[in-house]
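Look for subunit A in each of the two complexes below; its partner is subunit B in the first and subunit C in the second.
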Partner chain A sequence: MPAKRHAASTTSASTASTPATLSSGPATLKTNASAAEIAQHVWQQYLATTSQRTMLLDAFMAFLVLVGGLQFLYCVLAGNYPFNAFLSGFCAAVGQFVLTASLRMQTSDKSGPVVSKPSSKGKNARFVDDDDEEQVSGYSHERAFADYIFGSLILHFFCINFIN
Partner chain B sequence: MAESSLDVLLKGSSGRNTRGLLRIIILLTIAAAAVSSRLFSVIRFESIIHEFDPWFNFRATKYLVQNGFYSFWDWFDDRTWHPLGRVTGGTLYPGLMVTSGIIYHILRFLTIPVDIRNICVLLAPGFSGLTALAMYFLTCEMSSSPSAGLLAAAFMGITPGYISRSVAGSYDNEAIAIFLLVFTFFLWIKAVKNGSIMWGALTALFYGYMVSAWGGYVFITNLIPLHVFVLICMGRYSTRLYISYTTWYALGTLGSMQIPFVGFLPIRNSDHMSALGIFGLIQLVAFAEFVRGYLPGKQFQKLLTSMVFLVFGLGFAGLILLSVSGVIAPWSGRFYSLWDTGYAKIHIPIIASVSEHQPTAWPAFFFDLNFLIWLFPAGVFICFQKLKDEHVFVIIYAVLSSYFAGVMVRLMLTLTPIVCVAAALALSAILDNFLVLSKPDPEAVAKASSDDSKSFRSSRNAVVGIYSYFSKTVVTCSMSLYLLLFVAHCTWVTSNAYSSPSVVLASKMPDGSQFIIDDYREAYYWLRQNTPDNAKIMSWWDYGYQIGGMADRPTLVDNNTWNNTHIATVGKAMSSREEVSYPILRQHDVDYVLVVFGGLLGYSGDDLNKFLWMVRIAEGIWPDEVNERDYFTSRGEYRVDEEATPTMKNSLMYKMSYYNYNSLFPAGQAVDRVRGVKLPAESPQLNTLEEAFTSENWIIRIYKVKDLDNLGRDHNNAVAFDKGLKRKRATKKKGPRVLRTE
Partner chain C sequence: MRWCLAFLLCCFLAAVNALSSSGSRLLVVLDDSTEKSSFSTLWSDLEGRGYDVSFESPKSDKLSLFEHGERAYDHLLILPPKSKGLGPNLTPKHILDFLNKDGNILLALSGKSATSSAISSLLLEADIHLSNDRSAVVIDHFNYDTVSAAEKHDVLLLQRPASLRPDVKAFFDGEGVLALPRVAPQTLGSDSPLIAPVLRAPNTAYAYNPKEEVPAAEDIEATGSQLNIVSAMQARNSARFTVLGSVEALEDKWFSASVKAPGGKKTTTVNREFAKQLTAWTFKETGVLKVGEIKHHLATDGEVALHDLNPKIYRIKNETFFSIEMSEYSYDKWVPFELPAEDELQLEFTMLSPFHRLNLEPTSRTETSTVYSTKFVTPDQHGIFSFRVNYKRPFLTNVEEKHEVTVRHFAHDEYPRSWAISGGWVWIAGLWSVIGGFLAFVVVWLYSAPVADKTKKTQ
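For the complex of A and B:
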């Protein structure tokens, strides 16, 4: 459920702030801005910095959230009679969402905004370690995509087996 | 071990291959040692299935091999739990049977004709070899030292804590489950380290396999989320964590729901809720992290705190609401007994009556783990020093499983792997520091000091190190001594404590020769040969699986214990007077009653010693008719001799155990060797049952339930008539309760 809630909040945020794209918002944010302003700011930053391919993934994720939400709504309203079927449908949506999110994280890390801070303590040293690891072990986009396919295959095999 | 001494010779890039080869050879040797140390029972006795539960697994495997997978999946077993039957296919963990079925078919395909029984007997040792390998991989993830993994593998291979459940013949779920547990944890650590979907998906696959194999999968279900939760709380959230956890959860949950016995539990049962909760939490954290990329710190803080409180409150309230309204099942009883050790005894006697659910006695830790148990804290301390993600995992696992192992004897099994990891970490640290025997020439000193300075800041400038041969020798020798003692201890424990099949008993004659007591199989074989195929056997539930497996006769209750009322019925029949029991026996079509009696031989695991549990379980259902207090004397003693209470003396169990027992002894000398008491001079009277079979050492006694009397008399009178006693008018008038049921 919390997965869905989080997802719902993404969509609601995006739908709420869609008009904001038309008006040109402030480029920088004041310290005590309201929540709506912050959301607007985030949305514009997002539009500005995200690559086309990542946006495609995001659109797919939004679609999955929609599918999952619809199934859940149906379950709440019309009862969960073929519970197996509902569960596998819903799990397919959630699982695919999660996998896509993972793919997005793996592929968009370098193009996206990188949160790197000057390292001063052990924790940040670890941060640097991570970056090193990711660059050295080299999760190429192809590898990430192959993993994604692998995960999705397993997911859908389970779902089809479970759907009865 | 041998490798590290050779290391000096094999340094350099050319030595790498040699070292790799050595490592493989050592691992294979360890696996071979693990397998062969479990074969004591096969060599000493024969290739036979042990104990109780394995007999059911064996029977199910035979069914699977004969009838194919689909009919196994839909198996309704009408030969157990008479007259109810059991939906066996949907109420077991099929992983074990399917594994050995697959091995059987592969071997058949390779035209190696192996009996399915031998596969079942040798499955556990075989998998223990694999466990040692999995342990090597897991420990190698924890430490950079090459010796740690090998040490852990060796420990895991021979530690008695694991051997106790995996000797040849103990064909139980744990046989493959521990391998799966360790391997799943290895894959999980790998996934967290690499942050790849592939490792996460593999973790989920092996988790699914684990779910199909053992009910203990709940341990993984809770441990991995806890690990993630602790990491998040430590501020160590990373994309790697998100990827591995969500992949594992999404796939693993779906995978676990494929098993019919588990079904919808992962979303209904509270045991699984923590995983779901963490799944939600990590989504939120990921989203927050995503937003943070676009925002300066201040506003983000504001946004975050409000969001966290809102969502956490909502989720918690939702969970409580769902639990109260009953959508989510409450925690299972076994789970409660983990937290409150007295819970089971009060509420669920059937769980408390199993000896492996009792709290652990402290010597058991040393007995099962020997010197690992005191290296264990040192290893955990080393993990605190390094404290990377995987070390956090070790610490959490160590804390949790130490607690659980203290609560339930059988959970010693989950403690063993982590003890092996931690002890191997500690021991390899010691050996690495002490074993390098290079002479302290200036170059080596400089090198060693620079090496030291990496780990100890305080000793950066001073040339500090252990160079005297004396201290090195002392430490190394004492450690090797401990290792040798460990091996000796393990071998001794395995051979003496854990290799007895408990179907066949062995004892020593006064002259030291071995004396095999084979009463169980004698009696079961008698049943198989001398009773009709459909004869219903009533016994206490401990022997249900064995009767089903060895005698192939229908039973009333067995070790599955899914229906407490039915067990209580049997308990009531055993603990009541004949007048009460006989109608129960008739109603349940019982043809034979089987009791286990150790009085002649001094075999303490007999039914009279379990008798109080029968009484307690029966009392749980019929508190008016059965009362535990009645079986104790007025001074609160549990006695079976002259001073036993009338209720005790009249109970069916007592009568069946001691019927005709005094004929073995001179008059008035009958002695019960288990309880060490002298018995009453005359044997108890049995009216409604007749003795059918008693095994060589009197361990198993089988009684046939008499049919109704031909002349319509009740059995009391019929027996009295046969003995030539005159019918007494007075008793006729008052009369004991009439026995006719129809």
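For the complex of A and C:
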């Protein structure tokens, strides 16, 4: 019990000590690590604990951020004529990002190794019922993915129409 | 049909030597027949130009300007009556009604006798003022006739007037000397755009009442060119009202009198020619404008098909062509209308206020008309617009043309496609890279189904 309390207090106190509570991953960080070490550690932790699909989602989202940022930069530099083209291109990137983020929220939490989140008692209680995994998020991954495709197609339809 | 009518009109014009553009019935109001005989050249000139001259005494009971509520005459020439006023059938109200019904009036005054208060109040309606005692005459000690008025200096010798301003047509100009005996001077009000001076007194002239023993120098209201010998008003319906200060100038005696200015040679007067110009202008033989065909359409290189002519609707930013055909009546025929040197005929494209005000350029000429045209791009504003030509000038009849058209905005398929605008290529590329990325993502996602998950599930 004291150990658990100690862990809970460290999670809230500093990010550096958060990975220390993780069950898997590289060696735990020392308390007086430098910023570069922390970043390195976070990255290693991310690579080690994230599932392939979530990493794919993250890569796609990074791509969307890049595309949206470039379009916005171009608008700032070159002016907004034709404005509908800017709105269409930029909103396509933003909307796709939002949809992808939603998909990530719906699929990532259990796609990786089970992470014990010590603070939430209710969630822990639910994790006991390990068989019925999909009921936790409410939807199956297939259903989430189908919703995602449906939403994306509507978005693309509108954007292509609007860009004329 | 049009050509037929034009041909008939030509035949008609050829048959009649000259004819006013607005009818030939002329009523002359004069006191008695003895007076009538002293203007015989004027009457024969008018009849020779195609007028139907009838004479009435102002005292006559039969005299009426209207018949069944319509004008009984087209033109009215009023000579100054000997008695007071013009009688009950020619009150200022009757005369103004006559003007309002497009009748033209030439009113002659005389400095010999005091002008009646009825005429004075009629002139006030037109913002033309007579001198206070109404019996003043214009005297000029430098431009008088030495033959007939060596003592009194009240017979003025003047050149015919040139155009009023450089941008106004001259209808009364020409060579020669006018003799104007005993002129009743008029002054013009300053705020009426309808009145214009035809002939002004010279700078050395002044008004003086010969009946007064001592000329009251401090009472002089107006001198020099403030005094008008002939002034004209053209009402908004283009009816004309001319005031001639000296009725004697129209007499046979002065039509070909030989006169001599101080220090000058003996010459004969050109009063007859001036009387012709003055009556011709007043009775609408000159200075009458007619608008012929008005065309507007989209600007094209070739011929315009008939169904594309004068469309009811335009789009914003359309290049539009407008042309107007103008003729001017000159004594007995329509001739091409020529603008005065410093004047412009303008087209307004207006919705409440003009969005364009453009000079129309003469582009072609027919036998009877000039075609003025211009090209412009309709403004970036949709609504109900009108093509307006509003040409109102002194001595010319008013031209006010208004043709309404609708200007619509772009239809949804009339905008340029986005790939036609190179500035939008970056965003098009952005959109398609998002879509392409999405497709690639979907494919990769489907091929990277977590196997571990399923095995876990089955366990």
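Just a few scattered comments:
The rule is simple: the second predicted complex is superposed on the first by the 102 of 164 C-alpha atoms of A that agree within 3 Å, B and C clash if a C-alpha of one lies under 4 Å from a C-alpha of the other, contacts with A are read in each partner's own complex, and residues count from 1 in each chain.
Note that a residue touches a chain if its C-beta (ideal position, glycine included) is under 8 Å from a C-beta of that chain, and two chains touch if they have at least 3 such contacts.
For clarity, every value in this text was computed on a predicted model and none was experimentally measured.
By the touch criterion defined above, A:S88 lies against subunit B and subunit C together after alignment on the C-alpha atoms of chain A. For subunit A, the partner that touches more of its residues is B, with subunit B and subunit C as the two candidates.
Of the two partner chains, subunit C is the only one touched by A:N164; subunit B is not. With both structures placed on the common chain, the touch criterion links A:Q52 to subunit C but leaves subunit B unconnected. Contacts of subunit A with subunit B, set against its contacts with subunit C after fitting on chain A, overlap at residues 88, 159.
Taken in their complex, subunit C has these residues touching subunit A: 415, 417-418, 421, 423-424, 426-431, 433-435, 437-438, 441-442, 444-445, 448-450, 453, 457. Contact residues on subunit A toward subunit C in their complex (touch as defined above): 51-53, 56, 60, 63-64, 67-68, 70-71, 74-75, 78-79, 81-82, 84-86, 88-90, 92-93, 96, 100, 111, 133, 145, 149, 152, 156, 159-160, 163-164.
By the touch criterion given at the top, residues 194-198, 200-201, 204-205, 235-236, 238-240, 242-243, 246-247, 249-251, 253-255, 257-258, 264, 267, 276-277, 279-281, 283-284, 286-287, 291-296, 298-299, 303, 311, 314-315, 318, 388 of subunit B touch subunit A in their complex. Residues of subunit A that touch subunit B in their complex: 1-3, 5-7, 9-10, 29, 31, 33, 35, 38, 41-42, 45-46, 49, 83, 87-88, 91, 94-95, 98-99, 101-103, 105-106, 109, 112-113, 115, 123, 126, 130, 134, 137, 139, 143-144, 146-148, 150-151, 154-155, 158-159, 161-162.
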